[in-house]
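Contents: one structure, followed by commentary.
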Amino acid sequence: MTTRRKLQPLDALVSPRYTQVSTYARLPHDRDLQDVDVVFIGIPFDGGTTFRSGARMGPQAVRENSRLLRPYHMFLDVSPFEVFNVVDYGDVDVIPGSFQETAHAISHTFRPILDHGIIPLICGGDHSVTLPVLKELAYIHGPLNLIHFDSHFDFWDAYWGQKYTHGTWLRRSLEEGLLRHVAQAGIRGPQFSREDLAYAASQHILVRTIKDFHHQGVTEALRPILDMMPDQEPLYVSWDIDVVDPAYAMATGTPEVGGLTSWQALECLRALVGKRLVGLDIVEVAPAYDAAGAPTSLLAANLFYEGLSVMAKNYEQGIRAYPNA
Amino acid sequence: MTTRRKLQPLDALVSPRYTQVSTYARLPHDRDLQDVDVVFIGIPFDGGTTFRSGARMGPQAVRENSRLLRPYHMFLDVSPFEVFNVVDYGDVDVIPGSFQETAHAISHTFRPILDHGIIPLICGGDHSVTLPVLKELAYIHGPLNLIHFDSHFDFWDAYWGQKYTHGTWLRRSLEEGLLRHVAQAGIRGPQFSREDLAYAASQHILVRTIKDFHHQGVTEALRPILDMMPDQEPLYVSWDIDVVDPAYAMATGTPEVGGLTSWQALECLRALVGKRLVGLDIVEVAPAYDAAGAPTSLLAANLFYEGLSVMAKNYEQGIRAYPNA
Amino acid sequence: MTTRRKLQPLDALVSPRYTQVSTYARLPHDRDLQDVDVVFIGIPFDGGTTFRSGARMGPQAVRENSRLLRPYHMFLDVSPFEVFNVVDYGDVDVIPGSFQETAHAISHTFRPILDHGIIPLICGGDHSVTLPVLKELAYIHGPLNLIHFDSHFDFWDAYWGQKYTHGTWLRRSLEEGLLRHVAQAGIRGPQFSREDLAYAASQHILVRTIKDFHHQGVTEALRPILDMMPDQEPLYVSWDIDVVDPAYAMATGTPEVGGLTSWQALECLRALVGKRLVGLDIVEVAPAYDAAGAPTSLLAANLFYEGLSVMAKNYEQGIRAYPNA
Amino acid sequence: MTTRRKLQPLDALVSPRYTQVSTYARLPHDRDLQDVDVVFIGIPFDGGTTFRSGARMGPQAVRENSRLLRPYHMFLDVSPFEVFNVVDYGDVDVIPGSFQETAHAISHTFRPILDHGIIPLICGGDHSVTLPVLKELAYIHGPLNLIHFDSHFDFWDAYWGQKYTHGTWLRRSLEEGLLRHVAQAGIRGPQFSREDLAYAASQHILVRTIKDFHHQGVTEALRPILDMMPDQEPLYVSWDIDVVDPAYAMATGTPEVGGLTSWQALECLRALVGKRLVGLDIVEVAPAYDAAGAPTSLLAANLFYEGLSVMAKNYEQGIRAYPNA
Amino acid sequence: MTTRRKLQPLDALVSPRYTQVSTYARLPHDRDLQDVDVVFIGIPFDGGTTFRSGARMGPQAVRENSRLLRPYHMFLDVSPFEVFNVVDYGDVDVIPGSFQETAHAISHTFRPILDHGIIPLICGGDHSVTLPVLKELAYIHGPLNLIHFDSHFDFWDAYWGQKYTHGTWLRRSLEEGLLRHVAQAGIRGPQFSREDLAYAASQHILVRTIKDFHHQGVTEALRPILDMMPDQEPLYVSWDIDVVDPAYAMATGTPEVGGLTSWQALECLRALVGKRLVGLDIVEVAPAYDAAGAPTSLLAANLFYEGLSVMAKNYEQGIRAYPNA
Amino acid sequence: MTTRRKLQPLDALVSPRYTQVSTYARLPHDRDLQDVDVVFIGIPFDGGTTFRSGARMGPQAVRENSRLLRPYHMFLDVSPFEVFNVVDYGDVDVIPGSFQETAHAISHTFRPILDHGIIPLICGGDHSVTLPVLKELAYIHGPLNLIHFDSHFDFWDAYWGQKYTHGTWLRRSLEEGLLRHVAQAGIRGPQFSREDLAYAASQHILVRTIKDFHHQGVTEALRPILDMMPDQEPLYVSWDIDVVDPAYAMATGTPEVGGLTSWQALECLRALVGKRLVGLDIVEVAPAYDAAGAPTSLLAANLFYEGLSVMAKNYEQGIRAYPNA
């Protein structure tokens, strides 16, 4: 009879936090999926960007700035690395310049991960990578509920005839039937036209703008979204870092002023305790635009930790991402 | 019979947002005033600064960081470029090192613009440029109401014998009879002495400090100001970017901690719907002090858009900047 | 009969604020303790850091970014440089690489300062320097009440066998009997384990997390702390700049997202009016990680000013730091 | 009878150099090709990059940093804007994410420019854009001689199956018969294998490595190249900014240490006086990686000026880019 | 009988180099001119700039980056602080926005310094400050020889009618009869017109361009200049930091590519051993444009040290700046 | 019979160079020493710094910026990863704050590496780490020849009583009898006193200053050093990154102007072909002071590659680091 492997972050009392090769949360970099519950995986593709490029450099920057993550989440009262075996899987071998071939690579990489019943924490890259990820997850779980944190709608039909970009992935996902209930949170900034709102309505997308967050607070702003999505249905969260204000997260491709604070962002994820979270992506971190000390990557690293802790709390409470896990 | 020209931003579905020569909001750079309703105009003068110089580089940085502005304002439900023909007029040909000659250049440049009944969006430069602008506007509209967003009072008499600086323009404006009701919003930071407050009182200036904003919220903090100023009277807004907190707007000459957030700043301008706004300046953006990605210039670009959208909304509601326009 | 010296900041109407050798608040750099009430003193030691080093560069950066501090605090209605003679004492001659010898140097430097009944404003350096400072102050005042603003507990027993680091100073202080009532404010971020909280409880440390501040506001969050500490007992405040959010204060060794805003930080200090404040340190400013324009150092410079103003206000109200002063 | 238009940079004695909308060398932004001799044109495409992306932001940064270019070249004794009418044409409307469609756009944009007998100064974008440019030029001039300044060979067959990238354009150009004599200058850094050199030899490419430049000086290093290329044959120069050392030009996608100094770079272009230069591109400027003050873009702006001055000098000496011009 | 004061830099074996209030070379900040031989003095005025402003921040940045200067110059074999008593005098109380009043302040400040037979090391500020300094020195020494290191000629008549700017000081100095032999070294970059060279010739200015330095080396490039100026005549050196290449000194107002390396710059000053050097200025350091770590200010601090060491070496060899000193 | 493992960098044609967890040159991160010939190993200790701290962040920054290293060195005509199995061993588990305990950790970590006959490439950390490394190597090889590239002598006796710092390691090494022939190259900058040179002479240290390099060229400057050291004797190279000019390598603790160019630095290492190189360290990279794009770390990564290629070339020519390897 074999023993389950125990996978843990490097011990900071042995190796100081700034030492050793950098992996997410100083977790093992390992592609052996045996006994693994959660993977951190990068998809460093930025061929879908329409303004500033550079999100391809996101995953390694997030890793480098995740060195301070310690094992116990005091507000959720959970120790995620005790609950789950988590590894840093490395990155998908993307094909710069080709969305289609990158999508195949994503599919090829995710299939075995999901087949092992592993929850992915996905680090972009630009937002176009969410579409192939959703496809793989929906293949396993069926149509997903989606909470999409972003300052932009991302449901345009095409840019310059291009159907697969960081601004069209949501429409493609809807067209491909990958989604059930869809909500968008944090929307703001100038839009193309009033028709943008009409499209959301036509698709029964629940839109909570940034105004809802600033006027009502996180809890009230999210309530209709949480109410709309039954706890036991598979939920995917796609988090564009630009939903956060540039003061906290400048390093992104299409920044919009007036966004969430870092605390609001953390609370948004924390509010998902009790939901069957089957995956989380954080995308559009473009480190070349970060201030000294890399505040945006630091925040993204913490948002992953927040999501992971929610998943761990859920697990302790009997909620399983995979139905028969 | 001639047709009215239709002036529009570059179409992002033809030219991606990061392409082509940079003008404000990717609007036409044009000095033909025919059919123009609003101009964006730079006054890159920083000879009035008393601490960090560099605001002369403001206008071009704001232009460069205005590329993401799209045509529809969803919170105000208005499409400003549909309502108005807007152009980027370029900059006043300032005379570095001479306030007096720069003031003449401003006068010379503004006269025909105002004669055409055009509303100016004025990008500094340091705050000293507001005085000659006010002079031109008051020549057209009579004494103006002024809402002055700033962390500083700017009504000192002189610095080192210099009467025309970014800290004295307001006193000069008062002395020259250019203003009717004056309010200051966002004041904070250490002051020279208790007499500063006394001067404000003696001039019937309504001061709402930053504490009012943080404790009461934007709506309540602004209420006495809005109440004081009849809707139909011409209102000028002078916005020193340092009213915003350095976390959001570090790139300025005399930063003060504890300021407005970006969302509060947007709401301050949005609150002006219904007022007869005849001009708006945003000054003291000193781009050399900006973080990577230029968050301060990005914010300034959006604040102009916010002001423009308020003007457009007003226009839709029958409020005209020029009485017989 | 001699006259008391009058020590004042450089007059900005003689020497513009950006000119002349940089001292804290442009105060005299003076080691003559006669007639001095408050000193600004740097302790540029960073040998106790466990992540990013660089806090040794803090004091000079804070000095350089204190040039805008003017003499009158409008919210507290006090002119601190009228109330107190304040000087910039310069730095302790630390011994890089040796905490023990640096501790001796601190002791050696502080003894005469405290013997003159002077209140110290202490600029780190990393947090390890607080221990020897507390030792000197407790020698004069007896056990101190401590409000510790920080995102971290700092009461671990040792790192890699090292007992004197920026994460252990509080436990050492408790063990050495230097403290009476202890409260921690702003705690957040991932912790090592649930036992961290147990240790706090076992030591009767009152912990107010960042959640208390974001959910209740500064006043309510601080109330239990203020209630716990009698006004007439000597109070020391130790402020780790990382209690503030990285958007406002990125330049620090172990940043944690989700922290205080700059305004909340100012209000935290302002709330101490009425308490017998005998010293204040601000530590862990690591300027190499600051954004352009040095926002973190600017904030730290203002926080010292806030603390100084509270002390001055107290003095006006009859509260003396030294019992027989 | 019509007069030839006289197109000139903005007069710095009217509009200070830091004022007004930014175009290359403050030249008119104009798409009327009448009477135009040279165009500056941007191709902001970076879909062909294999390491750091961001070259799409190159053209506007080069424009912004070309404001200091004055009219007289003292070392060549020529006033290029007197010799030629030069305009800033703006950018090609590239299609981010699609090389093929961008290539069509390039073709579509260049055809009328070349039909007017205008010499293009082409600002990348990544190096993949050179292929379609060469195609258009060869269509007009026949097979071109090429001097390729770069630290990399750029003649690999494919990356991840992609045939059109910034590392394959030269092989494609050779395969498509666009080139006659080819020389590479400045090659350095680690290579994939010894076979790289063999390929160069097999294609009769004359390779002058960086070692030749550092050991022999610019004149001697370039002599074999200049000897190989008859003066009257059309010559195209393709300049990857990474041929310059990162100390001078860090802002590029694949930097290699040990490169040219800025002075050597200027001398390389200056050495081309007497050659029939039909076009010049400078590519791979990725401004997000530039130091404060934008030294890389500043250098690129000057290199264009150097090339333009060489063309002007040639013109004065009777050398025409277009045979019957 | 009184003893001569002995003024020395702070001892780095007592106070580590990164500690204590920052003065030039950690020298005493002192305005007592008794026994002083050389002063470092800042003139933080940038009202004469025609492109990027910000040189007003130069002096304090140079001080801060002079902390590594140790007492012995090994290449000149001299210990300047043994030879001379040197102090940091602080800054002239300039009047921002007024060249004329600043010129009076310079005069007022320099008169007693020169009356004490003290040699000034002058840190700009922009280049306009050299004119009033020359006036004071010529008042003492009679017409001066001048070596002007710069990439620009600085002898234009006026900008926008302004006669006193950083580009006109040299013509004013010539007109006012302050200069005898004048040489310019390092000239490069695009010029306004061929007439610029004619003006130099008409004034008998010896121009050595950057090409002379790169082609002949420092020694040969300077030889004609040194030959032209008799050793015993008073020599002033005015050094615009932009004579150095932007790779080494980006932080300046009007950078020009292709300049001196740092080693060449050091050698230029070192070549002046044997000349009666009566003053040295280094101007146009604009720290906001410096890269991390402040390389430009570091270089400027070293260039002052180089000049000071030359003066000390001269003194040891019997050459006196003041004839009867 | 087992086969020798074949360890190779990640294939860039499978995983683009910017993808996957970052190790030196994208080599395997592996602590299995079987079949390993060379290790890259970090020693992230900066407790020995006397000015700017931060070198502890060096190793990971060098790894991150080594992604562009390809397999073939064209100037040496060698493929180092074909010759050697190289791995990234990770970092020594240093003890921040304690040199002595860190020295033990270094000893403990290096012993098995050297016992396996593996050549170390050592990435600092500050220069104090070289002493324990030399001790381990001398234990294996006997007294070593040392070429010390640096701008500083590093042979002072103590700082503030501290015997083990980045400025004293060389004297300690000499005292402990670890060294045979010692040479220093690139020395420059102000020194403490003339006695510094006397100490070098007394220890028979051959000093080649930076002047030798700039005046004679790399080959001639190094000739006396190479002549002094018999080829078959074990040679260690210790490279302080500050020997390179700040224009190329600003990110270091005690930068000195006037240093080597990047090309000169490469040539210095390349000149060692034929010498029995038993180890190479590159120290004092302090990434927080690097410009955008990380030029200093990029250079350091390339210098390691240069050293490795020399070792590989030597191996091909029959020179073995370990006598019986």
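Chains here go by letter, A, B, C, D, E and F, matching the order in which they are written, and residues are numbered from 1 within each.
Definition applied: contacts are C-beta pairs under 8 Å (C-beta built on N, C-alpha and C of every residue); 3 or more make two chains touch, one makes a residue touch a chain.
Owing to the predicted nature of the structure, the values given are computational and were not obtained by experimental measurement.
J.: By label order, what chains touch subunit C and subunit F together?
T.: Chains that touch both subunit C and subunit F, as defined above, are A, E.
J.: Among the chains, which is located farthest from subunit D on the basis of C-alpha centroids?
T.: Result for max centroid distance from subunit D is chain C.
J.: State, to the nearest whole Å, the distance from the C-alpha centre of subunit D to the C-alpha centre of subunit E.
T.: A distance of 38 Å separates the two centres.
J.: Could you tell me which residues belong to subunit A and also touch two or more other chains?
T.: Answer for subunit A, listing residues that touch two or more other chains: 14, 16, 18, 50, 52, 56-57, 96, 159-160, 245, 247, 261, 288-289, 291-292.
J.: Mind giving me all the chain pairs that touch?
T.: Those chain pairs which touch are A-B, A-C, A-D, A-F, B-C, B-D, B-E, C-E, C-F, D-E, D-F, E-F.
J.: Which residues of subunit F touch subunit C in their complex?
T.: The contact residues of subunit F facing subunit C are 46-50, 52-54, 56-57, 95-99, 101, 159-162, 164-165, 288-289.
J.: Touching subunit D in the complex: which residues of subunit B?
T.: My answer: residues 14-16, 18-23, 29, 42, 44, 56-57, 59-60, 63-64, 88, 90-96, 288, 292.
J.: Can you list the subunit A residues touching subunit C in their complex?
T.: 12-14, 16-18, 67-75, 77, 79, 245, 247-248, 261-263, 266, 291-293, 295, 298-299, 302, 305
J.: Okay, in this complex, where on subunit B does subunit C touch?
T.: Against subunit C, subunit B makes touches at 50-52, 159-160, 187-194, 196-197, 209-211, 214, 245-247, 250-251, 254-259, 261, 288-291.
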